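Alright, structures below, take your time with them.
Note that subunit A is present in both complexes that follow, paired respectively with subunit B and with subunit C.
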Partner chain A sequence: MKKDEKVSSTQMIFLLVTTITVTGFLFVPSITAQYASRDGWISVGLAATLFGILVALVYTRLGLYFPEKSVVEYAPEIIGKFGGRLIGLLYIFFFIHINAIIVREFGDFLVTAFLPETPLPVFNTVVVLLAAFVVSNGMEVLCRMNQFLFPLFVAAFVFIVFLLTEDVNFGNFLPLMENGIKPVIRGSLVPGAWRGEIVLILMFLPFMNQPREAGKTLVGAVLLIGFFLTLTTATSIAVFGPLLTQNMVFPILELARYVSLGRFLERLEAVVIIVWVAGVTVKVAAFYLAAVLGTAQWLNIKDYRPLVYPVGLIILVYSMALFENSRELVDFLATVFVPYAYLFELGIPMGLLAVALVRYRGGRKQ
Partner chain B sequence: MLKKWKNIIKKVFAKPRNESQAIGGGESKEPVAVSLESNIKHLKAVFDRCTDVIFREFEAAIGGGVKTAMIYIDGLVNKEMLTDDLVKALMYDVSGINSSAPVSDPAGYLSRSIIAFTEVKVHDNMMDVVHSLLSGETVLFVDGVSKAFTLSTQDWVQRAVTEPATENVVRGPREGFTENLQTNYTLIRRRIKSSRLKFETMKIGAVTKTAVSVGYIEGIVNNKIVDEVKSRLQRIDTDGILESGYIEEYIEDAPMTVFPTVQATERPDKVAGGLLEGQVAILVDTTPFVLLVPVTFPQLLQASEDYYLRWPFASFIRFIRFVTLNIALLAPPLYIAITTYHQEMLPTPLLISIAAAREGVPFPAFVEALLMETTFEVLREAGVRLPKAVGQAVSIVGALVIGDAAVSAGLVSPAMVIVVALTAISSFSLPSYFGAFSLRILRFPLMALAAALGLFGVMAGLLALLIHLCSLRSFGVPYIAPLAPTSWRDLKDMFFRMPWWSMFTRPRMTGHKEPARQDYMQKPRPPRRRPGGKSGQ
Partner chain C sequence: MIILVLIIVFIGIIALETPVMLKNRQWRELAAFGVLMLGAMVLTFAQVLGLPLPNPTSGIEMIFSPVADMIKNILS
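Now for the complex of A and B:
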């Protein structure tokens, strides 16, 4: 294990923000609007962020019992060998599965929006290969690459939102909470599950050069993610209205298409696509690294590098076999994904934390 | 396991180096003999069939006449100096004292009173004698003295200090390094008058015995980097070093990448600047190219002139340079991608004119671009290799072939010519020839990706490039350092060149040992009352 690789808190925040926002800003507005309609931005902004802070605190508390270890390594110490190793295995599966979904999202989006005649496996293969390249170079390279790209993402995002200000109609937000708070809560479940992807920290905490700052880091990341996702959702509702938003597959792409400045600055979706390709590479690499690291730790292999390509192959094939089509993917995200993700993002960590709190009440023996 | 195999392979394939072949005899630590005859015989055997080694025997006018001999290599020594200061002094007894009286300590007497040279060394074994002879010193044997005197008479034909050929400036010093190590020391020392500037010299190359010198400023430099440089240099085991390029390939961090992780420069001011920021310079005798390590990719985009021009101009030039960097790398791939896959991204009138121009072209855009880029690379290479007189002809042929005939023959479209010309000019505008080289190479795979997958391919290629750049290190320093990992204060000298009075610190990666470059609050401002001014208005 390359435990000597260290990243700073800032790098970790950037990594988590990119990882979660890049797919979130594409899928979240439409899915949230399906439940919360015009109040989608409240769902994304308030409810989901509160949930994000909750899980962030759980992860921090849990992780700091073992700042040098990942969940795959410390789960057996908390709840015993058998159960712990089972949890480790489940997490490895979770990371691979989520990664396959992301790769599929990536391919589907590019086929739908950009190169309709190119077969899906091409995109999936390219992104998995790029991610494999990152993973075999390790955590530091992943963070450095993301640190380079992050300002570009923010600039592109701000640029698009800024150019849309003249098309914004705040009347679309009214009336506020027409049907009470229930739809808002229901709508927040999906963005909440997205926010919960900071579960990656359970694997990445040992890489932080100051693990004590994990709490601040995670909360900072959650707030930043909340800002970007809320802004996206609010903009698309304000520009298109709730009905159009919930019927579009990728509202952000339509937003970019909607931009028109003078007569020369048109069809800005290319910007979205560039950001998307780069961001998804980071995201896939992050989950890929978590999966490979977990596998290596689970099997007690010192160097994870030999596992990079086998795991990559599993992710690639899985991504193609998961869904029949794009609509099925969105349906999965809106329904099954929620309980599934909450189990891994909240359920298991809470359980582990509860046991740990009882067992290590008097402080953990080192 | 792997290591074990490596060791076995090493044992089987590595031939033990025959040490005596390295320099041809004389390697034995044989002491200098008392008798002049045997010393000369020994040297004559060592320098058998070396016509440029001159043996001159004569009688010195000391102690009533002593047989002496001087040996030197023709062309490496200053003959006038030899005649005036050595031969005349010994033969004519210019000092005129006690010429007939016997001398008790001839060796000491000679070096103290007779030989009028600034640097006289006394050796007592033959190996040292051979070495100093080969490095241009003159050897003096005296009969009856079992010591050899070597006099520093080095003087050979050398190029004067001229303007460097690779990195030209409008404003800034016009001196460039030469092939002579001593001159190069001088050029740096004149800029940094500090005893903290150190040069440590070693000889590399079993046959060539090239002098390689590691220069750094003690107290600023990170000692770990100096030690690392020295240990990497000491690891080199080869027969000859003819240029710093040899050294570069032996010591670089990433030998398989297209990006240079060692910077080569001809400019003494650049080396001085690098030393002040904590870099280590590697000077190699017989080449004007000095190596600087560690180097980052952004540094390859900086010219020394950036620091001499006023900061708004320098910042503007930096901005232009980032634009040209992108054009040099991306213009042909983007042209291919857009004309092949994404025609909708162009404004309609432009699309129509490009389509009309491409109408008669028989090739797809990729082949067209490949054809033109290859032609251009060929022309450029021909321009470098050909004798200067023929160079003109090449440029005329090139201009005609690329510019006019190809278009009117319908082989390529005018738009492609514009793209290629723009690419060429852009790649010339990058300050580091060696950094621009990597872009030249990378353009071709990117073009292939663009032809295969359109903009997505270009994007994937760029990402792979970014990952690769992030994974590179140069002597422990991340290759895209001020950008990622981000160091805010170093960004002052990155996209912009902030005013000198605002750059308080040395770069974090190399100069962290003594981070303060200067005092704060040096922003110049006019005094409240104008000196010498009569009245306020």
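Now for the complex of A and C:
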């Protein structure tokens, strides 16, 4: 691994925001609306953001004990060789599994929404191949590519929401918290798991040129993600109402289709596709890089590049084999994914942090 | 047909990656690449031929669905 690759805090914020928002804004609104109904925006905006900030603080505290190392490298130092290496292996497995799910989401979305005649493997192969190319070029290239894409992404997003302002009906938000707080909390679990994908920082912290700014970076990223996802959820509820939102598979796509400005500016879903394809490539590349880096560090290999293609093939195969159809995928995301993701996003890091706090109470020997 | 294409792709990847490692005498890298590539090839062929793959999702569902149910019960 090239230790001299460094990225700035801004680049890291952009990377995390793109990575999480890009799949979040498609899948989160309808899953949240299923549980929280018209209060979905509270779930996404407040509850999930609070969870995200908690997670961010844990990662920062833990990461700053070892600013030069990733979780795969420092876990053995904290809790001993066997347990630490097991945790490293679990994280590698987690990154590969999540990445396979992301690739599947990508293919499923394109097949359902746009190109129903094209077989799924075509999309999956293309996106993994692109990501493999990015990964073999390293972290800096990934961040620069994203630095170019991020403003376009924000612009497209704001554009769609802005064009819909005349159709927004704030009456759809009332009554607030009709059934108490419980549905709101339940609705926040899935967006919370999404927010927790900043777990990537456990692998990427050594790349930051200012590790001391990690806390600010992470909290900033969580707040920005919160803003974008809340805007999406709130707009789809305000325009379509809670019932319609929860029955749609991809509310943001319907929102884009809904835009019609003077019978002239129409069919904006093409914009969604551009954002989605570009963003997912970044997202897949980020998780792919985390998986490959983790594997290389776990095996004590200096150069991770030989592992790019084999790991990519494994991701590709599992992206097709994990689920029979997209219904199963959404089911998994809405139920089992929550405790599974929380274990890796909060459970294990908190455990590591607890041990580290006790062990290094008097300051760590360098 | 598809198997032939896959074999060509695999040979391509191996031909692309191994010479550099051999030249630089990176034996650890080579071993890791070999093992992972072998695993990936087995998985790909199994998937293409329709053989059952070890699917981690079912295991994860088995471990975590009680927790998911518990959350559901608490919050409904």
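By definition in this document, the second predicted complex is superposed on the first by the 366 of 366 C-alpha atoms of A that agree within 3 Å, B and C clash if a C-alpha of one lies under 4 Å from a C-alpha of the other, contacts with A are read in each partner's own complex, and residues count from 1 in each chain.
Criterion: contacts are C-beta pairs under 8 Å (C-beta built on N, C-alpha and C of every residue); 3 or more make two chains touch, one makes a residue touch a chain.
In this text the structure is predicted, and so the values were computed from the model without any measurement.
Contacts of A:Ile274 after superposition: subunit B is touched, whereas subunit C is not reached. Contacts of A:Leu110 after superposition: subunit B is touched, whereas subunit C is not reached. Within the superposed three-chain model, A:Gln147 lies in touch with subunit B and out of touch with subunit C [touch as defined at top]. By the touch criterion defined above, A:Pro306 reaches subunit C but does not reach subunit B.
Using the contact criterion defined above for the overlaid structures, shared-chain residue A:Phe173 touches neither subunit B nor subunit C, since it reaches no partner. Applying the stated contact rule after C-alpha superposition, one finds that A:Leu189 touches subunit C and leaves subunit B untouched. By the touch criterion defined above, A:Val336 reaches subunit C but does not reach subunit B.
In the superposed model, A:Phe93 makes contact with subunit C only, not with subunit B.
Residue overlap on subunit A between the subunit B contacts of one complex and the subunit C contacts of the other is empty. On the subunit A side of its complex with subunit C, the touching residues are 93, 97, 182-183, 185-186, 189, 295-296, 299-303, 306-307, 309-311, 313-314, 316-318, 320-323, 332, 335-336, 338-340, 343. Here subunit B touches subunit A in the complex through residues 341-342, 344-345, 347, 453-456, 459-460, 463-464, 466-468, 470-471, 478, 480, 483-486, going by the rule given at the top. Contact residues of subunit A toward subunit B in the complex are 8, 10-11, 110, 114-115, 118, 122-123, 126-127, 130, 133-134, 137, 141, 143-145, 147-149, 263-264, 267, 270, 273-274, 277-278, 281.
Listing the residues of subunit C that touch subunit A in their complex gives 13, 16-17, 20-21, 26, 28-30, 32-33, 36-37, 39-41, 43-44, 47, 53, 55-57, 60-61, 64-65, 67-68, 71-72, 75-76.
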